[in-house]
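One chain, chain A, links the two complexes that follow: it is found with chain B in the first and with chain C in the second.
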Partner chain A sequence: MMHANLTLALELLPLQLWNTIYMVITSVVLAVLFGLPLGVILTITAKGHIKQHLVVYKILSACINIARSFPFAILLVALIPVTRWVIGTSLGTTAAIVPLTIAAVPFVARLIETSLQEVDRSILEAALVMGSDPWQIISKVLIPEALPSIIAAITLTAVNLIGYSAMAGLVGGGGLGQVAIQYGYHRFNSFIMLTTVILLIILVQLFQWLGDYVANSIAKKRGKSLHV
Partner chain B sequence: MYKNVIFSICICVLVLTLSGCKQPDELKVAASAVPHAEMLEHIQPELKQAGIKLTIVVSDDYNMPNRALAEHAVDANFFQHANFLAEQIKQFHYPIESIAKIELEPMGLYSKKVRTIAELQAGAVIAVPNDPTNEARALLLLQQHGLLQLKDPKQALATILDIAQNPHQFKFVEVDTAMLARSLPDVDAAVVNTNYALQANLHPAQDALILEDQQSPYANVLVIRAGDSQRADIQALIKALTSDKMREFILQHYKGAVVPAF
Partner chain C sequence: MQAQRTKFSGSNIIEVLDLSKSYSYLGKQVSALNQVSITIEKGDIYGIIGQSGAGKSTLIRCLARLIQPSAGKISFYGNDVTNISGQPLREFYKNIGMVFQSFNLLGSRTVAENILYPLEISGIPLEKSNCRVAELLQLVGLTAKSGYYPAHLSGGEKQRVGIARALAHYPEVLFCDEATSALDPKTTKEILELLQKVHTELDVTIVLITHEMDVIKQICNKVAVIEAGEILETGLVVDIFAQPKYATTKDLLQHASHDIPQEVINNLSPSRQLLSLRFKGQVAKEPIISQMIRKFDVDVNILQGWIDNLQNMMLGTLIVEFTGAPENIQQALAYLREQSVQCEAILK
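And then the complex of A and B:
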């Protein structure tokens, strides 16, 4: 029995571990690509900021709230036509990246907004006084100042996406989560369940450690310490 | 622990009540609500004419009816397929047996791209369910039509890892059961349960490339205690459940979601 489980684990886990890493990393990169600009827009259009525009702020904010309200399993099904249009199919690991990204974008946007809000107003005012235009303020002041906190936000997103990716099994996306559900839960195979969960724990620890390390080394360079 | 105790008490109460009210000319059959109890209701008048009072005990629990049958609380039950019955007998050693296949909710292979299985190209993508029973059931159907060969040709919990031969190099994708019909545009074919096929406006009899038939081990059976097969009332019950009239009722009433297996 033990031997059979080990064979099964070796047959399933390496490929599915890769599928999880592939899904999560691609979605995080894409989510930051789309989420960062949205976070910046949210920040600077808010009341009292450098480009205050309450209409834009409220519409964007409402859209983000709507997108974040969907339970992920429903989003996965609702986005099938979009996924099919983008990837050409709604099934498989690559197809699962579309709903994962779309679920993560509003989350990233909110986190980035929070990070940018924390940037000291006096630094912004100094930059304004010296005649910086908005683009310079964003690229030279806001983002660099908030970078350690942005890195922490991206780490948080990556860890969250590992959890979301467990549901990719619904659309044949594979990944460790699917193994845990299909073999561990449905088939009462505790060995597979345990091995998968241990792999997921290691993966989460690795992501978190890497994120903390990068955030801290940036903060250290500036002589500040970051509490994470 | 508490759950077990409560469960046992419930069973005892149920068994006592059921056996308590049993009259001599009464035939008690435990069944699931749909379609089994509906089919039994349909033959109630017919059996009444033959002097048999058919009482239907509706239960959507899957463990109670076999136990109630073994303990003489009912005379027959009608809710399960042969594979499930075999599993229950193995586990609980009930002295019960299947006496007739009655109906089947057939699983089928559907496609939006090809019309016959012969048109499936080498390397075609086929979606199958990802839960234990349905996945094995799907693979057994594909095996029956020569599309693949399983390591153990009768394994009731097979997965795509148990495929021994895949002569056409089909690529199998495991998908949630409810997602299969939705995934049809993305695959060459998908094995779909009848209830989901109907919801997706697929008609099993016309649209399926291959469909489970009466030989399927997933046909639902009438189960009685071993040794009761010659009882006159049981014989009358079997006769009524496998009559041409019943065949007509199934075909008209369930419109393909349920088909006769006799």
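And then the complex of A and C:
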């Protein structure tokens, strides 16, 4: 029995572990790609910031709140038509990236907004009076100054997405989540269930450690302790 | 290191006419500046002094066009800059430099990279910029710390970086917003000496705001005293020190001197008067007091005395107690005034 379990685990888990990593990393990259600009727009259009525009701010902020209100399980099902349209199918690992990314974008936007808000306004003022245009303020001041905090935000997103990716397994998304459900839950294979959970724990620890390491190295180089 | 600045001509760098700024706060209009007019000439080290809340910070932020005034006019070499924005405003910024109380350095950049920032955003080739950065590091004495991050610098060093950065573009005018207020007395003195050096060596006009008369005394040639959003008096520092017209100015000057013992103040009467006598220039060198004592029946008790050296002009101050018949004291004072000594009763 033990031997059969091991064989099954070795057969299933490496591929599905890779599938989870692929889903999570692709979704994080896409979520940052879309979420970072949104976070920047939220920040600079807020009251008293370099491109104050309260209408834009309020509309964007409301949209983000609405998107964040959806429980992921519901978003997963609701987005099936969108996924079909984008990917051509709603099944499989690549298809799971669509709901994962869409769930993560508003989350990333808010986290990035919070990070960028921490940059002291008086530093922006100094940059303005040196003749910076808004794009230079964003790319050379706001983002670099907030970088350790932005990396912490991305780490948080990645860890959350590991959890979400397991849920995606419910609707045929592949990855460790699907293994846990198919073998661990439906077939009462507690060995597979346990191994999957342990792999997920290790994965979360790894992502967290890597994120903390990068964020702390930057902060340490700058002589500051990280306050996130 | 001298800049080729042929862009501008004229002796008035900044002319401010009837400048007002009001904010709306909790639904009410609060006036921070009220019809302020000052002229800053090329080569000035122009001090704006006032207590906190007087509006000096609003004024310098209007002058540097970090905020837009509500009314009035600011001219920079005769060009109206009151309402410019966008690209013209960024062009204006490149002709000025600003130094802040809280330094406002970029924590993500080293000392050298901080100084490089203004050059980098103007698209100056890196090779040329690096030369300029090296010059500026030399100027402020931080060559050895070029690779340090701001968090590893002392307050004085941070301000040196702030000054170097502000000078990167060979600005016409340097605005200092309480540049020394966060620093200890020794560092303050060093930073003021650096500003002085920048002023003479690089021919930069300086406008600074402060609440410390000592700062004005040490480096400014002109001063404007501001209170409740209005300019009370402006003029050469020597004149204002010798003959302050307003209570605020006297108050600020008093801070620059020492306190008078309460016991002396308690014993004052028409026949015991506490006076401050100011001697300007040549007068400071003559034995006027002993001549006065011989001529009039008045006793003089000297409580404090000091000589200020303001831009090579001697200004002596004596805090004295005159004892004698009131009419004798009056005559003695009249005599002193004839000798162009500024006499001022100190009433508490």
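Note that in this section the second predicted complex is superposed on the first by the 226 of 228 C-alpha atoms of A that agree within 3 Å, B and C clash if a C-alpha of one lies under 4 Å from a C-alpha of the other, contacts with A are read in each partner's own complex, and residues count from 1 in each chain.
The rule is simple: a residue touches a chain if its C-beta (ideal position, glycine included) is under 8 Å from a C-beta of that chain, and two chains touch if they have at least 3 such contacts.
These numbers were taken from a predicted model, which means no experiment stands behind them.
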Do chain B and chain C fit side by side on chain A after the overlay, or clash?
-> fit
When the two structures are overlaid on chain A, which partner does A:199 contact: first (chain B), second (chain C), both, or neither?
-> neither
Please indicate which partner A:182 is in contact with in the superposed arrangement: first for chain B, second for chain C, both, or neither.
-> first
State whether A:32 touches chain B only (first), chain C only (second), both chains, or neither.
-> neither
Go through the superposed model and pick first if A:145 touches only chain B, second if only chain C, both, or neither.
-> second
Following superposition on chain A: angle at chain A, chain B versus chain C, Cα, nearest 10° | 160
Is A:17 contacted by the first partner chain B, the second partner chain C, both or neither?
-> neither
Of the partners chain B and chain C, which touch A:109 in the superposed model: first, second, both, neither?
-> neither
Least Cα gap, in Å, left between chain B and chain C after the two complexes are fitted on chain A | 49
How about chain B: which of its residues touch chain A in the complex?
-> 125, 127, 130-132, 157, 161, 173-176, 179, 182-183, 185-187
Residues of chain A touching chain C in the complex | 120, 122-123, 125-133, 136, 140-141, 144-145, 147, 221-224
Any idea which chain C residues touch chain A in the complex?
-> 64, 66, 90-91, 93-94, 96, 98, 100, 102, 104-109, 117-118, 120-122, 149-152, 165-166, 168-169
Flag every residue of chain A that touches chain B in the complex, lowest number first.
-> 8, 11-12, 77, 80, 84, 89-92, 95, 169-172, 178, 182, 186-187
